[in-house]
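Just dropping this structure here.
Order of writing sets the labels: A, B, C and D. Residues in every chain begin at 1.
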Amino acid sequence: MHIGIIGLGKMGANMRDRLRAAGIDVTGYDRNPALTDVPSTAALVEALPSPRLVWVMVPAGAITTAVITELAGLLEEGDLVIDGGNSRFSDDFTHAALLAKTGVNYIDAGVSGGVWGLHNGFGLMVGGAADQVERAMPVFDALRPEGPREEGFVHAGEVGAGHYAKMVHNGIEYALMQSYAEGYELLEKRDDLIKDVPGIFKAWQRGTVVRSWLLELLVKALDEDPDLGAIEGFVEDSGEGRWTIEEAINNAVPVPTISAAIFARFVSRQDDSPAMKAVAALRNQFGGHAVKKAD
Amino acid sequence: MHIGIIGLGKMGANMRDRLRAAGIDVTGYDRNPALTDVPSTAALVEALPSPRLVWVMVPAGAITTAVITELAGLLEEGDLVIDGGNSRFSDDFTHAALLAKTGVNYIDAGVSGGVWGLHNGFGLMVGGAADQVERAMPVFDALRPEGPREEGFVHAGEVGAGHYAKMVHNGIEYALMQSYAEGYELLEKRDDLIKDVPGIFKAWQRGTVVRSWLLELLVKALDEDPDLGAIEGFVEDSGEGRWTIEEAINNAVPVPTISAAIFARFVSRQDDSPAMKAVAALRNQFGGHAVKKAD
Amino acid sequence: MHIGIIGLGKMGANMRDRLRAAGIDVTGYDRNPALTDVPSTAALVEALPSPRLVWVMVPAGAITTAVITELAGLLEEGDLVIDGGNSRFSDDFTHAALLAKTGVNYIDAGVSGGVWGLHNGFGLMVGGAADQVERAMPVFDALRPEGPREEGFVHAGEVGAGHYAKMVHNGIEYALMQSYAEGYELLEKRDDLIKDVPGIFKAWQRGTVVRSWLLELLVKALDEDPDLGAIEGFVEDSGEGRWTIEEAINNAVPVPTISAAIFARFVSRQDDSPAMKAVAALRNQFGGHAVKKAD
Amino acid sequence: MHIGIIGLGKMGANMRDRLRAAGIDVTGYDRNPALTDVPSTAALVEALPSPRLVWVMVPAGAITTAVITELAGLLEEGDLVIDGGNSRFSDDFTHAALLAKTGVNYIDAGVSGGVWGLHNGFGLMVGGAADQVERAMPVFDALRPEGPREEGFVHAGEVGAGHYAKMVHNGIEYALMQSYAEGYELLEKRDDLIKDVPGIFKAWQRGTVVRSWLLELLVKALDEDPDLGAIEGFVEDSGEGRWTIEEAINNAVPVPTISAAIFARFVSRQDDSPAMKAVAALRNQFGGHAVKKAD
């Protein structure tokens, strides 16, 4: 088997390594000459045996659309494009339709595992036609973690279902992180009573209901920095959490923990909160409560 | 009618003025010699005609309990104590029982209106026996706003009901303030499109669904400081919001907006959020996402 | 002044009445022959003096777009279309651009006040070019409530700003309603202590911090049905609450109370909650907790 | 080593089995004659070698207090009581003080693991004096899961710290469960796109960021009942989630996901929501929106 990968960033490069380790030939293309195997997308396409299999692993949005648009002009009927990036599921419909014009097939693959995927394998959620998914199975089997296929891979539905499942995965992930974080803050606040916060998280790793991989990561983080003193409570968010809420709203699904998690991130990035200025101003108006003057 | 008031702070002093303006005799006691009419609680009790009526207007908690305990030793059967402070409703049961030992009656009165009460009148929610409430009605009528009695006064139930109603009032108040504040922040954030945020709030004062007294106060605040540039988004909270949530939890009543409002205040007072440090640490662990180093 | 109104539903008909009462000529068109003044949109356009002023008051989305598209083919340079419906602000950009092709002007007007607007006047938030807003001012003055113009009308910015302000207004409205509702539930739950829930709301109308028009409406509702026994806790939502959250997410603005309000509505419409089935299933798995079997 | 256990319900009986399997002598007492080894608490105390070690495993609250009060009258200086139930941490202070009067030592032990603990071991969080914790270590080592001690056991601080850590553990647990549940509902709602919801959860077990023990339990539940059709979305809550929020409020720690999780449980148990009746009534008042009549 011989696959092309477009995009050799942190994730793409790890995938190339993992695929090659599994005996699959990989030709990679990246704009960065230091990383790429071939000089151009066209060269990548030429290097692949027909019918071709191209894995796109570039930033979601305009860049992914540009790459797929370029591929639509280069690939031939029967070829297969897999978008393994963090694309919004609604983009999949557009991308699949674009490629379908020339008979090129499309699979969307949600990929989880972060920097740990190289060694642990990547959790995979894919959407597309069954025959195309079957055809790419050696690739999926090489990328996914060891163990039963169904514990690290799912064919979730037609085109879009893979990225949809990944989007929901990330929404859940946001809320899980926030859940542990709230518990951390409460334990840390009661330092009159609680004398070993890192030890508590460490002890939760076996036998408890809350044990998880995220918990293990928090234990690692607390091992390195027991009071997280070196880290600022400033948290970015990527599109998937936002899309999850938008989808929830569109489908009348209540998502109070997922939205709480993303709102907490928004607040974490504010120097001052306009909303809380308004509340302070109101309290001052009706109660004569003192306000803190901005510097 | 002749009433004693203990506590001549901002609220107590305004009440004294409003009662006197209504033709009620008031003797006030305050620890502050500059404010008090008499030198001691004992002197206040002596100055009042029997059966006595004493309005307690001091900080909730230990201070209120101390004042009521002192009164229990000074007052006689048939006297009436009204706690007009922001006591927790559960304290009312204790205070009423303490006074009942010597036949002293008790009413709890939740009072709303803040610094505006002197001129607008105070909204009153009282709890206690019907005959005692009736007896104190001239005082309530003098304190409450103009207009029909039932639009500014309620006898909500037995002892405790008045402060309970006031507690819920304040819980609602927190959530109302937060509601406007979120809208403010969203309008203010889109300054590419929205050119007159204060003008929008001003225009909501007539005809709209969201018109309210709090809205009018926000308009006043924005008149004085159109972008709230002089105010820091730092907001204290008093006990009543917290008690509302505790009561809601105890009674299995979901209060998502009231709790969101109080959590927003908690966050507003943090220099950095331990919870968000934990989230940042987690993201760094699994995704290799950069963290902001604390200074 | 002579204006055309397209859409004579509850809101449009009330507006026609209010405008006529102010001495403005109104020609109305509605698909319903029982309501309309003229047989067609074309007839409406013909009936108006040039430059024409047409107020569109039809359901947001496809219907509004259809009406504006039809108007684009009928109106002439210098005419003015005002969309007074609940359109999404982003639709305003499209509609304005469509009309601009033939030199037709456009204003978006957010309108609040519901069925009470006929008598109280409608709160108005408009977006568009200053000269066009000025030109339509007699109409706005007739529709808005009595009192100073700036307390019931705002020119919030360019095209889109009016509907944006109305969207935020509705988001706030959702959260305000939920705030009162949570307090209502808590008071109602403690019927061992609280003996007059409607009386409490009634008493909050004067002097308190929480007094508002919505509170007055809740008092009316409780007057008619003191325990709301005739009403099911089933609540629809319109687009504007959802758009508010979507905009908040897009602009990284935390809106915990507004989202809590909309999620509560979603839940209110569910026969059973898939999410809570999942939680029940989980508890059963780890704790052997009994689950309720579905019938 | 020989230990007494009071309370041989699901948890206590499993602990007895696990301790015996580790070679520790156990005498158990339960009110239920079918379960007990001895006829009374007094007989249990007599059966134990001095200094005695008694593990209390009965329902938190009045029952635990009654058992500890009885033990205080039976035990002698130097004995040790371990409360392994789900007591509120604040009860530990009272219980420890009560026992201390006669020189009896006290440890509070939070225990996680549910019905799986017999085979997997129980996660343990304990509070108390270091020498007492050391003395009971053989018991803790027998109960906790295999593997390094610190991954299934923590000495979290003085008396109260163990139950405090367990309380926070459960608060986190609530939020984690709710997080997965929200994702489940969103996936299940989009059955037009998502064709294998159970398969998605199954595939998240390896390689993904959201993998956890709770996820594995959800996979088991979905294996048994792929659409959870046999389970009603009705969820009880135990004290610990509520106490977590109360502690958070008392310490000004924002816990939006934990509170959202508990509020969702409250709602799940309501036939109809008084709050949403109020919202429906309000909408009806201002907008003339139809309400659903209660049957």
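Operating definition for what follows: a residue touches a chain if its C-beta (ideal position, glycine included) is under 8 Å from a C-beta of that chain, and two chains touch if they have at least 3 such contacts.
According to UniProt, the chain labels map to these proteins: A, B, C, D = Decarboxylating 6-phosphogluconate dehydrogenase.
This one's a predicted model, so the numbers in the text were calculated from it and none came from an experiment.
On a Cα centroid basis, the chain most remote from chain A in this structure is B.
Between the chain pairs A-B and A-D, more C-beta pairs are in contact across A-D. When the CA atoms of chain B are superposed on chain C, the rotation angle comes to 180 degrees (nearest 5).
With each centre defined as the average position of its C-alpha atoms, the distance from chain A to chain D rounds to 32 Å.
Each chain gets one centre point, the mean of its Cα atoms, and the points for chain A and chain C are 37 Å apart.
Remark: chain A and chain B have CA centroids separated by 46 Å (rounded to whole angstrom). Taken residue by residue, chain D touches two or more other chains at 114, 178, 180, 182, 185, 189, 209, 214, 252-256, 260, 263-264, 267, 275, 286, whereas all remaining positions touch fewer. Of all residues in chain C, those touching chain B in their complex are 89, 112-114, 117, 120-125, 144-147, 150-158, 160-161, 164-165, 168-173, 175-176, 178-180, 182-183, 185-187, 189-190, 193-196, 199-200, 202-215, 244, 247-248, 251-258, 260-261, 263-264. Remark: chain D residues 209, 242, 245-246, 249-250, 252-256, 259-260, 262-264, 266-267, 269, 275, 286 touch chain B in the complex.
Per the touch definition, chain C reaches chain D in the complex via residues 10, 114-116, 177-178, 180-182, 184-185, 188-189, 214, 217-218, 220-222, 225, 228-236, 256, 264-265, 267-268, 272-289, 291-294.
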